[in-house]
Amino acid sequence: MIKAGIVGGTGYTGVELLRLLAGHPRVELVTVTSRGDAGRRVDELYPSLRGHVPGCFSEPSIEALTGCDVAFFATPNGTAMRMAEPLLAAGVRIIDLAADFRLRDPAEWERWYGEPHACPQRLPQAVYGLPEVNRAAIREARLVANPGCYPTAVQLGFLPLLEAGLVDTGRLIADAKSGTSGAGRRAEIPMLLSETGESFKAYGVAGHRHLPEIRQGLERAAGGAVSLTFVPHLLPMIRGIHATLYAELAGDPGDLAALYEARYRGEPFVDVLPFGSHPDTRSVRGSNRCQIALHRPQGGSTVVVLSVIDNLVKGAAGQAVQNMNLMFGLAETAGLDAIALYP
Amino acid sequence: MIKAGIVGGTGYTGVELLRLLAGHPRVELVTVTSRGDAGRRVDELYPSLRGHVPGCFSEPSIEALTGCDVAFFATPNGTAMRMAEPLLAAGVRIIDLAADFRLRDPAEWERWYGEPHACPQRLPQAVYGLPEVNRAAIREARLVANPGCYPTAVQLGFLPLLEAGLVDTGRLIADAKSGTSGAGRRAEIPMLLSETGESFKAYGVAGHRHLPEIRQGLERAAGGAVSLTFVPHLLPMIRGIHATLYAELAGDPGDLAALYEARYRGEPFVDVLPFGSHPDTRSVRGSNRCQIALHRPQGGSTVVVLSVIDNLVKGAAGQAVQNMNLMFGLAETAGLDAIALYP
Amino acid sequence: MIKAGIVGGTGYTGVELLRLLAGHPRVELVTVTSRGDAGRRVDELYPSLRGHVPGCFSEPSIEALTGCDVAFFATPNGTAMRMAEPLLAAGVRIIDLAADFRLRDPAEWERWYGEPHACPQRLPQAVYGLPEVNRAAIREARLVANPGCYPTAVQLGFLPLLEAGLVDTGRLIADAKSGTSGAGRRAEIPMLLSETGESFKAYGVAGHRHLPEIRQGLERAAGGAVSLTFVPHLLPMIRGIHATLYAELAGDPGDLAALYEARYRGEPFVDVLPFGSHPDTRSVRGSNRCQIALHRPQGGSTVVVLSVIDNLVKGAAGQAVQNMNLMFGLAETAGLDAIALYP
Amino acid sequence: MIKAGIVGGTGYTGVELLRLLAGHPRVELVTVTSRGDAGRRVDELYPSLRGHVPGCFSEPSIEALTGCDVAFFATPNGTAMRMAEPLLAAGVRIIDLAADFRLRDPAEWERWYGEPHACPQRLPQAVYGLPEVNRAAIREARLVANPGCYPTAVQLGFLPLLEAGLVDTGRLIADAKSGTSGAGRRAEIPMLLSETGESFKAYGVAGHRHLPEIRQGLERAAGGAVSLTFVPHLLPMIRGIHATLYAELAGDPGDLAALYEARYRGEPFVDVLPFGSHPDTRSVRGSNRCQIALHRPQGGSTVVVLSVIDNLVKGAAGQAVQNMNLMFGLAETAGLDAIALYP
């Protein structure tokens, strides 16, 4: 059994990790920390976990975590980079679900996150945990930067086009929509049901922190600079991301459907729907799947890619477990075979 | 492997059965019928099932079903009672998720369902599939009447009080609230999001078909006549039933919490919360669990029981699988260990 | 024009008052205060008010308010009772939308609100602002205690039965459900869409602060002691209260429908639906109306009353404007004739 | 008083017309027709209208309508074009809220609506009822084609850019999201709360009927051909459209904010928010307003316009009333001054 610890178990990615790891056949939960709720029973805060996760939240400590094979950081940005060094030195593998190790360039990190990076020396060995791109490296990794939710949906949607060099990289558009759980379990007025229910809005149009992460990934795929307009929106629902992606074809693209099917053949968690389909977020709710469909309206030069995930699963905790499976040589789908909850 | 067939696979209880049975370690899905969608791929209608449920819906036929060990009827009321006889004669066990075999008295059935019962000769051997009451009988049953969603939540909430004779059976009140999936996957204006979203209402106050079913169960528990006022309401959400139950104590009840804990000790799917808790439907969403909490406001003579289930799981498909597990000698929890999807 | 001031303009009752008073033909908004947002443009916080409410929030001050004919307190409990004395002395009439002046007995207030009442000397002249009960007194009042949202829905539903002495006052039950806006515009985790969306729960079963207020009103109507079990629930939607009321008939009640129609004949904001109807909250959303329907399931001894209001209108700001209209001799419906927003 | 008739009063645009016209100071509702509900009380179907709209639905007939000054068609596509001729001949002015008279080219109409146009002789005199473009012509019109909901939001967002010739008209993108009420009050499974609640999807990407209407309007504004990619999506909520518009600047655009403010100065129902704002649909819910905000992410060459309306008001019934006001020389805002319902 793999001994796992969760740092920051009270947020939505934390509780989703608890759900997935409690049902994982090869994992033993050793410690779940929470600065604010230490000493409190986990299943008192989350009655859904009664009978599945015994015990209490503990204070976060390096000591307790060094007994783990792997530590998941489900913490706010800036926590993992302060605790990583001693854990890595002690041989604990780390999967950070926050942004600390996602950007390769510490200057870029500082620009978007407003403080110097606290652990730049580990950035070179951090592996960006998108298995569909980095599977081999993840298998060997000791420090995995789990991708953001928007970046997962957008990259998986754009990658085949960019890798094949089929589109104008100077004008990519990602119009993305997320459920409220993406904002985390934080007491903020704009996230009240009274505020976000029965309403819809864009936010962060001037510049969202996921922009540099997405751009970094797209540039890697394109092998060069990419210009991306990224507009996130807030949906009046809890789980799900829908990315609507627009690109201009640079010429005759051939059979786009075949391209995507070939690119994702064998991928356990990327499902290319028939050309012209309209994926809905409910069909991936609670599952680790990304469903993608392609359109070319009126046969013109614009290709539209629709990409949906559950932001808490493939966009966070599920992908983290997928990465853990790879890091420890388990079946990649272990503990991740749940079917989406519909309706 | 147990060979299972589903009759009526396109409704919500049908697709929920598909989700649960596709993930069940001891079940092989042999046939899924649909009168309206025969010939259509199952996963075209339900993209969440892609890769999990291959094949197409077929026309319902006795022939195809006689190859099954068990046939689940996820059909409208009145279907199972017309197909049961030949299937039972052929040795196929039946679990009916509709109401055909729930009422012991065919005259009562006719009164509430508006037509004579088509299979009264099988009523005596039909077992009401509430494992917390009828476990032993279910193990031997060849024909199980799976309880309704409201009846499951209300009976589990009231049973300990009635069995112990602690309350006035002349004035029981069940104020129950259900998500829209309880109304099924039918094209009806009142069930549109534009109609039921952001709104709340009672319905069927004059008399809901679940009333005689609940009353029958409560009278069995009380060992005598029971007077119940049952008011169902429609919630602006998809899954979940919350029953708020009111009863007048007939005297000093002793330790009510201990009573409930003792009654449900060892029950895998009934979870009694600490006295004074407020269960929420989200904590059982997607799981087969019933969570129950007790209150005695201001220490008075009224006891309030709060009982929540997922109407499609413990209130329908999950309970049906639980019954199947019992009928075939499997672990009662096989295929039913999923943790609720929160948030 | 009546000069009106709003104290605490940034909560939901405050912004609803702004909406109603901005459209009122006889009111001039003189000042809108907010401790936290003083100096900020009102329409920056609430873009729906652009062009309708010019100006900024100001610091609350007795001075600014003494220029008003009437001051509305849309503040947390405990504010109005500290500012009432000098305003009343200066001739400003007060309508308090919080609880400070609702309970006649200061000891009872202290028991439920956890501190001594700061202005007990004014309690005797405070008029409980339920026009359907106290219209004449409200016309003369200088200090009106605007009823709570639950108390409005529950009292209007029960009053005719109690005034006519038709039911057993020893076992009244009010099973009430409210949208999230009733909890106010406060940053609290349980009110996040991620928490309350797609879920339902009871709360405060042990004792909600609206219980003594409701009981006081029912006892006044019954002319004696009343025993009430009050269970509030939280709905996954924004606006609306639905009270489901249960009472035991003490004998032959005669024509209940006629009783209610007679009691509320001429009431501009209480609408008795045909016997056996099921009112829904959407049909009163945004309007100042209470819709009520009666049921007597199976012709038995239990009468069920269904009562719906918009908690922010008839349950708060609309009723406050109705009270103001009465206090200043205006048409009772002035500024309150909006039709509910359906769908 | 203007005598108004509504043809097709039972759909959502019909009932919204009823709400607005019942509160209009200069309108007398003469007849409300419904083929399916003729003879039924209007307020039985819509309890929100009790006391506001007396009388019953009647059978649609030319005779009854010829007594009106104006007839609103809130009917499915294809109805108004069959009834227009005799009504116009009788001097009745027509406002069609469906698509029959929106496209100037009957061949284009046939292509998108699948049947020949039944009244092509009246197309030349039909005026497209977008007051911000056609105010003078609407004042003189006898036949107004009320714009579609998406077309209203998209055109108002794009117009200033196109009229000023600032953007590349070869690659406009409109990513639009609508609440479910836009699909009408029709019994269809995909519109059930159980289907669209807690989910999000695109639809009609291959070609939505609003595409030619939008393109026609944009080409008029641009004075030449326009290439538009239009992707509509379905939101899990009832009212509201949010259009996110993308255009490539053809050069230095100067002060975009000033451009929009100048273009819409004096417009009673178009509200340009400060540059960089994020309008939300709730702030226009129930009002006839369009709120627009501009962004230029990272100061690049892509301009992003955010445009929100209530699809049933400015996107349908409200705009129809605005057109009526113009046609009859009333104040343009008469009956349309309601403030949005927030929260």
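Lettered A, B, C and D in written order, each chain numbered from 1.
Operating definition for what follows: a contact is a pair of C-beta atoms (placed from the backbone, for glycine too) under 8 Å apart; a residue touches a chain by one contact, two chains touch by 3 or more.
Quick caveat: nothing in here was measured; it's all calculated off a predicted structure.
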*Determine, among A-B, B-D or A-C, the equivalent of interface C-D; equivalence here requires over half of the contact pairs to be the same by residue number.*
A-B
_Quick check: more C-beta contact pairs at A-D or at A-B?_
A-D
*Which chain's mean C-alpha position is the greatest distance from chain B's?*
D
*Return the distance between the CA-based centres of chain A and chain C, expressed in whole Å.*
45
*What is the distance in Å between the mean C-alpha positions of chain A and chain D?*
39
*Centre-to-centre distance between chain B and chain A (centres being mean Cα positions), rounded to whole Å*: 36
*asked:* Could you pull out the residues of chain D that touch at least 2 other chains?
replied: 12, 181, 185, 194-195, 197-198, 236-239, 279-280, 282, 285, 343
_Which residues of chain A touch chain D once you look at their complex with the stated criterion?_
171, 173, 175, 177, 194-195, 197-203, 205-207, 227, 229-231, 233, 235-240, 242, 244, 246, 248, 276, 278-282, 285, 295, 297-298, 300, 302, 304, 306, 308, 343
*In their shared complex, at which residues does chain C touch chain D?*
12, 15, 19, 22-23, 46-52, 181, 185, 197-198, 238-239, 271, 273, 277, 279-280, 282-287, 291, 312, 337-343
*chain D touches which residues of chain B in the complex?*
12, 179-181, 183, 185-189, 191-198, 236-238
